[in-house]
Every structure is written in structure tokens, then in C-alpha cells.
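The data blocks that follow each hold one structure.
One chain, subunit A, links the two complexes that follow: it is found with subunit B in the first and with subunit C in the second.
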Partner chain A sequence: MTAPLDRTNPVARLLVAIAFAVVLVLSVDVVSAGVALVLGGLLLLAAGVRPRGLALRMLPVLLVAPFAGLTIALYGAASGGVLLSWGFVHVTEGSLRLGLATLLRVLAIGVCGIGLLGGIDATRLADGLAQLLHLPARFVLGALAAFRLMGLLGQDWRALSLARRARGVADSGQARRFAGQAFALLVLSVRRGGVLATAMEARGFGGPGVRTWARPSRLGRADAVLVLAAVLVLGAAVAASVLTGSWHPVAVLGG
Partner chain B sequence: MRPAALRAEGWGWQHAGRREWAVRGLDLRIEPGERILLLGPSGAGKSTLLKAFAGVLGDDEGDGAGRLLVDDQDAGAARGRVGLVLQAPDANIVLERVGDDVAFGCENLGVPATEIPGRVARATAAVGLLVPQDRSTAALSGGQQQRLAVAGVLAMGAGAVLLDEPTANLDPRGVPEVRDAVLAATAGATLVVVEHRVDVWRDHVDRIVVLEPGGGVLAQGPPDRVLREQGSALAAAGVWIPGFVPRAARSPRPGGAPLLAAEALAVGRDGAAVARGIDATARAGGALAVLGPNGVGKSTFALTAAGLLPRVAGRLEALPALADGLRADPIRWRSRELLPRIGCVFQQPEHQFVAPTVRQELAVGPRALRLGEQAVSDRTTEMLETLRLGALADANPFTLSGGEQRRLSVATALATAPKVLVVDEPTFGQDALTWAGLVDLFGRLLDEASSVLAVTHDERFADALGADRLVLA
Partner chain C sequence: MGAGREVRTPHLIRIMPAQGDSSHRPCSDLSKAGTVTSTTSISTTRRLRWRVVDIVVASVLAVAASFLFIVWNTAYLGPSNLLTPLLPGVQGLVNGLWFIAGPLVALVVRKPGAALYGELVAAIVSALVGNQWGATTIISGLVQGLGAEIVFAVLAYRVWTWWSAALAGALSGAFASVYDLGLLPGLPGGYAGSSAAFGAVYLPSQAISGAVLAGLLAWVVVRALAATGALARFPAGRAVRPR
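Now for the complex of A and B:
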């Protein structure tokens, strides 16, 4: 049986991921981020996301998040009792709380964003963006086709390094070599883009008529369930935060 | 589907930034349902004409003259009536999955969504592409990609199918299969094929049309008549004509002292071997042809032998005659040290270009060797002449035709007179003139006691060099 999340429309997943990110940057506090992280994680597990795969995809976020939290804890706006003071470093109760809130926030946005968008099918997303959100077909399909070419960039880069060594121009300093090769990759990509555009036009892309879509993109019950669950999770996070008095809209921090 | 009529009236095209016309004063009538083999030497504007009929030649790419008509309609306005399959099979792929890619043209033409799955199924069946619809397009072989491209234009219901060298990049064993699939699938449509190898198509077309570089139609008529009357002239112009072999085979030459030796060599990328146990020796004045089916690691072996990829296991030794004071392992040499010792020509020429003009491209190697300005200039000029690139000296390498790019990439390697030249499929898609030119150049290199190591499917080429065979399996 396919996982419930696989039955949702990629557009619904994208919108829910955006909703999580927006709500979680409204306030920097431990409670809303913590609740969203726990409930959001449970929601993803219920939707059939495998913890192992998610953890692997999360690796970069897991590595970076502690540093973000630590930086805020060491240098963030001071408030409350001073715990440690050394040069520019002022660790206070307030900055420690902010650091923890930042850490949880980065994790919550990361888990929900990566869990929802990881393994998303680019073609189906493009179908949905064009048919449900009515973004211009030229833009969506151009981006989709270009996205496929991105996979070739790595291969091109390796071939270019070998070719430049064979041409006798690979001995210069590393910075210069990198710059030269990056430019070559750019030229090659532009060229590939041109060929791709010709191939697309040769199949009637960008013609005057109305385009049809072979794969209808619809929103269904699975999408309704996903959106409802997301609203509940985010609602619970905000409510818990407000009720415990920890809700601090970001604007207040600046002032 | 109704077959389309194609017509050119005094048509011409001049690529942006070139002095010469690619095509000029072309008058041509192609009747609905007719099958045409379009011939002409490299640079005669064959690909350009196909693109123009398909309506994809942009105003920014050059200047046109005269008229091109599809069913009495301007070719630019008849999109969808004409389906074009571009030269490199992978250049035609737009989407990630086979079924989606075939459907792409139908969608653009506004075919009702309910009708598309049927069209996709019929088109893929017609070309004999027997893979699941959700198969990744990147995972297809060259022959399958070619079938996919044809299926894509068939599904559109194009009344004319134009194919630019559909078999040039295929393993020779796959050529008849793809040709037969194309013929069966396009029955009832107008068909125009550009291809250097006449023998593949001559018995399957109604008419041969020969284009003249910078001109119009040089000759046309039933295949047998055109070949009888024009055969030698066409062969001299570089068209592959059955019965005209451009260069006799050399007797195999044993070669002299070993320059580069592989022993139980395993090659691969990132430490994972794709081929093992390779024993081979490149000898001064001798050629070695590396043969074998696609995917057995021939190109990886070539890159390793050329000192570009580290070996996975075993030995690869540059003997003193080649190493000339350096250590025996070519991967440890500097890029500039590699240059006069081992040259390498890649399968895809575009990866090797580093300069904005053909002339500067040829000067890159000699300049890296720190030759004097006069010597650099002499060698550049010599290469331009030998490989017939003189008229293109100021063109950007990326704007050359496929055959011209291949010639240029070989010339850049020859410009530094390497003791060992490693080449990967140098004769793919070449006209007979370029082919003979390459054989001459490599022959000269051999006469000068250099060694040539060629990955190739082309037995005739291996014979012409009198090469030893190394078959990887």
C-alpha cells in the first residue's frame, strides 16, 4: 500500500510546508517550536514518512542547527540573569532561552519542510503548479526541463576537469582554475539550454494554441486530511505558546 | 494523420556572424508521403534546412532569404505539422519519464487529455520501445533514446518526420534495428533523413537529394540513378557511397618500442572498477584499437590510459621513452607535462573547448608548452589547413556543426604532437572526407613514431590504421 503522503498532491505538500515555515518565524519561543516539532514529526510518521530516510535527509540541518542555537545563546540580546560574560560573549537566561528556541525552530521547520517536500515528484509538482495555481505553463515547464538538466551538471563538471587537464590548462592556481572551469560550465549550460529550447519548440512548445495536460492534477481527500492535520498542529503550537505566555512575535524582538 | 508537403523557394540561410551562406537559392519540392535521403558534405546546411522546416530556426540565429512552405503555409507557422528529431539522441529528451516525454508534444498541441494515453501507447509500440512508461529517460541506451525521440514526434501526429543523423551515434549492431523501427513507424508520413551512410537508407527511400555547400540542390533523383551518375563526385565530396572506400587498409604494423603498458589494470571512477584485468601495450608507430560493446568501460580505460583518471588496481606504466625523465605513473604528471606526452580526444568535443575562436582554441596547447609566438602561429595555421577549418578560424567552437567540432577537437590534440594519442570514437558521425582526413593524420602521427590508442566501433577505421585489437567484454 502506498503511504498516505504519497497520495497527496505535491502542491498541497508545498503549501503546508510554507505554512509551517511562516507560522514558525512569527514568534521565537520554545513552546510553539517544541509543540510544532513534536506534533509535526508525529504527523509525518502517521503519513508514512520513514524515520531513517528523514534522518538522512535532515543530516545537513542536524549539523547546522546546534550552531545557530549556540550563536544566539552566546551573542543574542541579553536579558535576565547573566550566566557567563567574556568579551563579546554574554550568556544570559534570556539569550539561552532564545538560543534553545532558535534551535527548536530550525529543527521544526527542517523536519516538516524536508519531510513534506523530500522525494516530491518534480513533474507532478509542475503539473499541479500550472493546473491548480495557474502559474504560466512556459515558466513551469521551462523550469521543470531545466531542473532535469541540473542532474547533468555534476557529470559535466567532472568531464570538464579531465578535459582541462588534457588540454594543458589545469596547472594554474586553484582559484583561477576553479573560475575558468566554472565559466566553461556556464558556457556549456547555456549551450545545453539552447539545445533544450530547440527540442521543446520542435515539439510545439510555446505555440499559439491552448495547451492540454496529460496528467490531470487534482486535490483529493488525502490533501484535505493533510491540510486539516497541519492546521491542527500549527493551531495547537500557537495556542500552547499563547496560553503559557511565551508567544513573542518577532517584531517585538527588534524593538 | 495526413502526410505533409514541404517546399523551398529560393531559400537561403546565413548563420549569425558568418560571411558565407550555409544554404543559398534552394528550390525543392517534397511531395506528401515521399521518403527523402538528404545528402551533402559536412557544413552543407542539412541540419539547418531541417530546423527551418520544423520552424525552430530563430531570427537571432541568422538571416534567411526566400520562402519555406509546409502545406502552402509558412514553415514558422506550421508547428506540429513537422516533427524534428535532433542529432544527438539525448538532446531530444525533455521530461524525466518515458511516458511523460512522449506525451509532451501532444500536450503542447492541445490534444485532449483523454486521447493522449492512447497516442503515447501507439507511438511507443510503433517504434518498438518496450520499456515501462515510468522508466527514467536517463536510463535508456542510445538506441532507445533514438526510438523515444521518434515516438515523441509520432505521437504529435506530425505529417512530416525529419531525422538528423538518426543512426550516427549508435552502436553499429543497433543501426538496422533503429532504421527498421523508424520506417515502420513513419509509414504514411513524409520522411526526410539526413545521414552520411547511404547504404543504411538507399533501399528504403524514394529519392536522394544532394545539397551543395553554400548553394542549392546539386543533384536529385531515384537512389540508384543518383548514385550511378553522381557516386564518385559525392564520394569526393565526403558522402559515404557504397563501393567507394575512402582509404585502403594499411597492413598491420607491429610497432616499435613500448611507450605505455597496462598490466592487470582495473579502471573505474571513484574506486569502483568497471573493467578489470586489462593487459595492453601502446607502441611507438603502432595503433591499438579498443573494441567491445557499449558499457564495458572502454571510455574509462581510455581516460585512465590518458593519465586523466587514477587507476583502480593493477599497473599502468609510462616507459622511459614516453616518461622522458618523469615518474612512470601518468596520473602524477602535471597537466602541462602531459601535453607533449599523452594527448586525449574526448567523445563529446564540447567538453574540451576552452577558447572563444577556433584559431585560439588551436593555440591553447602550443602556448601551454611555451612555444614562441611564431611557432604557435605556424602550428595553428598548419592545423587549420590540414583539417579544413580555415574558413571557420574566427568562429566560436560551440557554433560549429557536429563534424566540424570533432575535427577541431582532434586538431587541438595533434597541435602539441603527443607521443601517445588517445581518442574516443573519433569517427562517429563523420563524413567520408573527414574520415579519410583523420586516417591520414593518425597515419602521419604513426609514421612519426607516435602511438594511437583508439576506442572505436569502426572496424574499417581500425583496419585503415593497421591497428592491433584489444577487445573488452
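Now for the complex of A and C:
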């Protein structure tokens, strides 16, 4: 049986992920970020996201989040009792709280972003963006074509390595070789893009006729459930934050 | 085809002769010989209209830039954390690489919206692959792309020099800073809530970084690309004589 999340339309997932991120940054506070992190994580697990895969993909976020929090704790807007002051560094009760909130916020946005966006099928997303959101089809499909070309890059890289070794130009320094080979790969991709464009035009892509779609993209019940669940989670996060009095809208740069 | 629809010459006829022709020479030589007359009288609409090859190659470049983003999304931590203790905000100096997609794509295809499109597509791929900023990456891409786009638009999509690229990178960085610092109402920013002193260092740092790591670097890459002949179907490629 497919996971509930896999039955949703990628467009719905993208919009929910954006909504999560935007609502979470309206306020820098521990409660809203914490509630969203916990409930959002539970929602993803309920929707069939595998915990192991999610944890693995979260690694970069886990690496970065403490630094984001630390920056705000050290240099954030000062308020409350001063705990440490050294040059530009002003650790205060206020900035410490902001730092912790930032840490939780990065984690919450990361979990929801990676959980919702990870594993989205690019082809289905493109179909949805063009058919449901009516973004310009030429651009959406052009981007999809380029994205799918990138699947060939691994193979190209190996072929380039072998060719360079055969020609005896692979013996210079590691960094130089990497940069040279990366540029060769870029040239190859641009050339291939040109050939692909010609082939697409030969098949009528970008022509003046009316476009039809081989894969119709629709919104269904699963999408309604996803949106409803997201509204509930975000509503709970904001309500909890406001009710506990910790709602702290991001102000213009503090002193 | 319906009546009244504009009849366009198929793109293939205009573009194909240069393909795979090893004796290809820059257009200036050809027009002297009288074989190409359309290049001199290209109308503004045609100059600014996106061809299919523009769209596909712009997308290829954007996705290539997104690979750079994905690496930098974690690799930036090293240099960034080395710089931060020197003066809070100077870590913005390493962020310029994230603004490169806009100037890179714009310099190659030279169409309205190219910088915005390039940066946006690269940001979407970066978000889909997954990073610590989640869906806000897409908002970042939009804001950064807009910064670069404005510079090229003000120059009427006619100036594609190193300084216009640097300017585009710089404004891209400035726009990114305004967003990062949480100064856009109702929009998330990574450094929202930071002090004014932090912002006063952070914004110029990102602008300088954008000028160098996004603008000038993109210009160098495009020049190198043009020299290989890979951009033969673009004005950027025809401006440089193949080696």
C-alpha cells in the first residue's frame, strides 16, 4: 500500500511546505516553533514518511541548526539581564531565548521541508505546476527536461575521468583536476541542452498550437486531508504560543 | 493554426547552420560576406523573446548551479564559522556563491527574466533535494533573482559586461540581506531578530561577496564557456571568437 503522502499532489505538498515556513517565521518564540516541530514531525510519520530516511536526510540540518541558534544567541537583539558581554558579543536572557527559538525554528522548518519536499517526483511536480498553478508550460517543462538530463551526469563524470586518464592529463593536482573536469561537464551539459532543445522543437515543443497533457494533474481527497492537517498543526502552534503569551512577532532590527 | 495567429519562422532554420560546423566563424565575418543580414536588423521583440534553446540551456545552467548550492549548503559552515568571530556579519562574505545562478543564466541567454528564472530554478532544486532552510529556499531564490534581474532590466538588457555582472551580484546580495535580516514584512529571514550592528556589517558583506563570487565569477565562467564554442547559438558565444 502506498503511503498517504505519496497519494498527494506534489503541488499541494510544496504549498503546505511554504505555508509552514512562512507561518513559523512570523514569530521567533520557543512555543510556536516547538509545537510545530513536534506536531509536524508526528504528522509526517502518520503520513507514512519513514523515520530512518527522514533522519538521514535531516543530517545537514542537524549540523547547521546549532550554529544558526548560536549566532542569534551571541549577536541577537539584546533584552533582559546581561549574561556575557565581550566586544560585539552580548549574550542576554533575551538573545538566549531568541537563539533557542531560532534553533527550534530551523529544525521545524527543516523537518517539514525535507519531509514534505523530499521524494517529490519532479515530473509530477512539473505537471502540477503547469496544469494546476498555470505557470508557463514552456518554462516548467524546459526546467524539468534539464533536471532529468542531470541523471546522466554520474555516467559523464566517469567517462570524462577515463578519457582524461587515457590522454594523460589526469596527473596534475587534485583540486585543479576537479575544477577542470567540472568545467568540462558544464560544457557537455550546455551542448547537450542545445541538442535537446533542437529535438524538442522538432517534436513541436514551443509551437503555436494548443498544448495537451499526457499526464493530467489533479487535486484529490488526500490533498484536502494534507492541507487540513497542516492548518490544524499550524493553528495549534500559533494558538499555543499566543495563549502562553510567548508570541513574539519579528520586529524591525532591534537595538 | 487559427486565423490571425502570428506566423513565426521555425527556430530551426535560424539556428541550425552553426551546429556541428567546425568551420563556423563569428557572425560579424558572415555578415560582411552578406549571407546573414537578419543579425543587424533583429527587432527588439525578437531580441527579447525566449527561444526554446534559451529555456532549456537556462534550465541546464540553473540546475548545474544548484549542484554548487547543494555542496555549499553544508560546506559554507567551515569558512562561515571561521569568519564570524572576527566581526559578526562578515560571514556574509562567503554567501555570494548562492547568488551565482542569476547572473550566470542572464549572461548566457540575455533575456528578460533570465536572472530571476535561473536563481529560482536553482533554489527550487536545492529545496527539493533538501536543506536546512526548507521551502524558504524558494523565497530566497525569488528575492535574490529579483535583485540581479533589476540591474539587467535597468540596463535595458543590453549591457552584459563584467561590471554589469558584478552589479547584479551585488544587488542580489543586498536583496538577500534585506530578506535574511527579516526586514521584508511577513516573510521569514534566517537572521530575523539580529541587532542593527549585525545587519550593518552583514548587508555590505553579502553585497561584496555577491559582486565577486556571483557576478565576476559568473562572468569568468561564461567567457570560458563561450571560448569552447558551446554557446554558439547565443549572442554571448558569438561575442567571443572561438579559440
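What to note about this one:
Methods note: the second predicted complex is superposed on the first by the 213 of 255 C-alpha atoms of A that agree within 3 Å, B and C clash if a C-alpha of one lies under 4 Å from a C-alpha of the other, contacts with A are read in each partner's own complex, and residues count from 1 in each chain.
Keep in mind that, in the parts below, a contact is a pair of C-beta atoms (placed from the backbone, for glycine too) under 8 Å apart; a residue touches a chain by one contact, two chains touch by 3 or more.
What you see is a predicted model; the values in this text were computed from it and never measured.
Once the two complexes are overlaid on the shared chain, A:R191 sits against subunit B and subunit C alike.
In the superposed pair of complexes, A:V64 makes contact with subunit C only, with no contact to subunit B. Of the two partner chains placed by the overlay, only subunit B lies in contact with A:D156; subunit C stays clear of it. Contact with subunit B, but none with subunit C, is seen for A:P216 once the two complexes are overlaid on the shared chain. In the superposed pair of complexes, A:E201 makes contact with subunit B and with subunit C alike. Contacts of A:I120 after superposition on the shared chain: subunit C is touched, whereas subunit B is not.
Of the two partner chains placed around the shared chain by superposition, neither subunit B nor subunit C is touched by A:Q174.
By the document's definition of touching, of the two partners only subunit B reaches A:R164; subunit C does not.
Touching more residues of subunit A than its counterpart among subunit B and subunit C is C. Residue contacts after overlaying the shared chain place A:T2 against neither subunit B nor subunit C. Applying the stated touch rule to the two superposed structures, the overlap between the subunit B and subunit C interfaces on subunit A comprises residues 122, 145, 187, 191, 196, 198, 200-202, 205-206, 209. Within the complex formed with subunit B, the subunit A residues making contact are 122-123, 144-145, 148, 151, 156, 159-160, 162-171, 180, 184, 187-188, 191, 195-196, 198-207, 209-216. Subunit C makes touch with subunit A in their complex at residues 1, 5-6, 8, 10-12, 15-16, 19, 50-53, 55-64, 67, 73-74, 77, 80-81, 84, 87-89, 91, 117, 121, 124-125, 127-128, 130-139, 181-183, 186-199, 221, 224-225, 228, 230-231, 233. Residue ranges on subunit A touching subunit C, taken from their complex, read 14, 17-18, 20-22, 24-26, 28, 57, 60-61, 63-65, 67-68, 71-72, 74-78, 88-90, 98, 102, 106, 109-110, 112-114, 116-118, 120, 122, 125, 138-139, 142-143, 145-147, 149-150, 183, 186-187, 189-194, 196-198, 200-202, 205-206, 208-209, 250-255.
Considering their complex, residues 51, 54-56, 79-80, 83-84, 86, 91-97, 100, 103-113, 116-117, 120, 138, 152-153, 156, 303, 306-309, 334-336, 338-339, 343-344, 346, 348, 350-354, 364-365, 368-369, 398, 412-413, 416 of subunit B touch subunit A.
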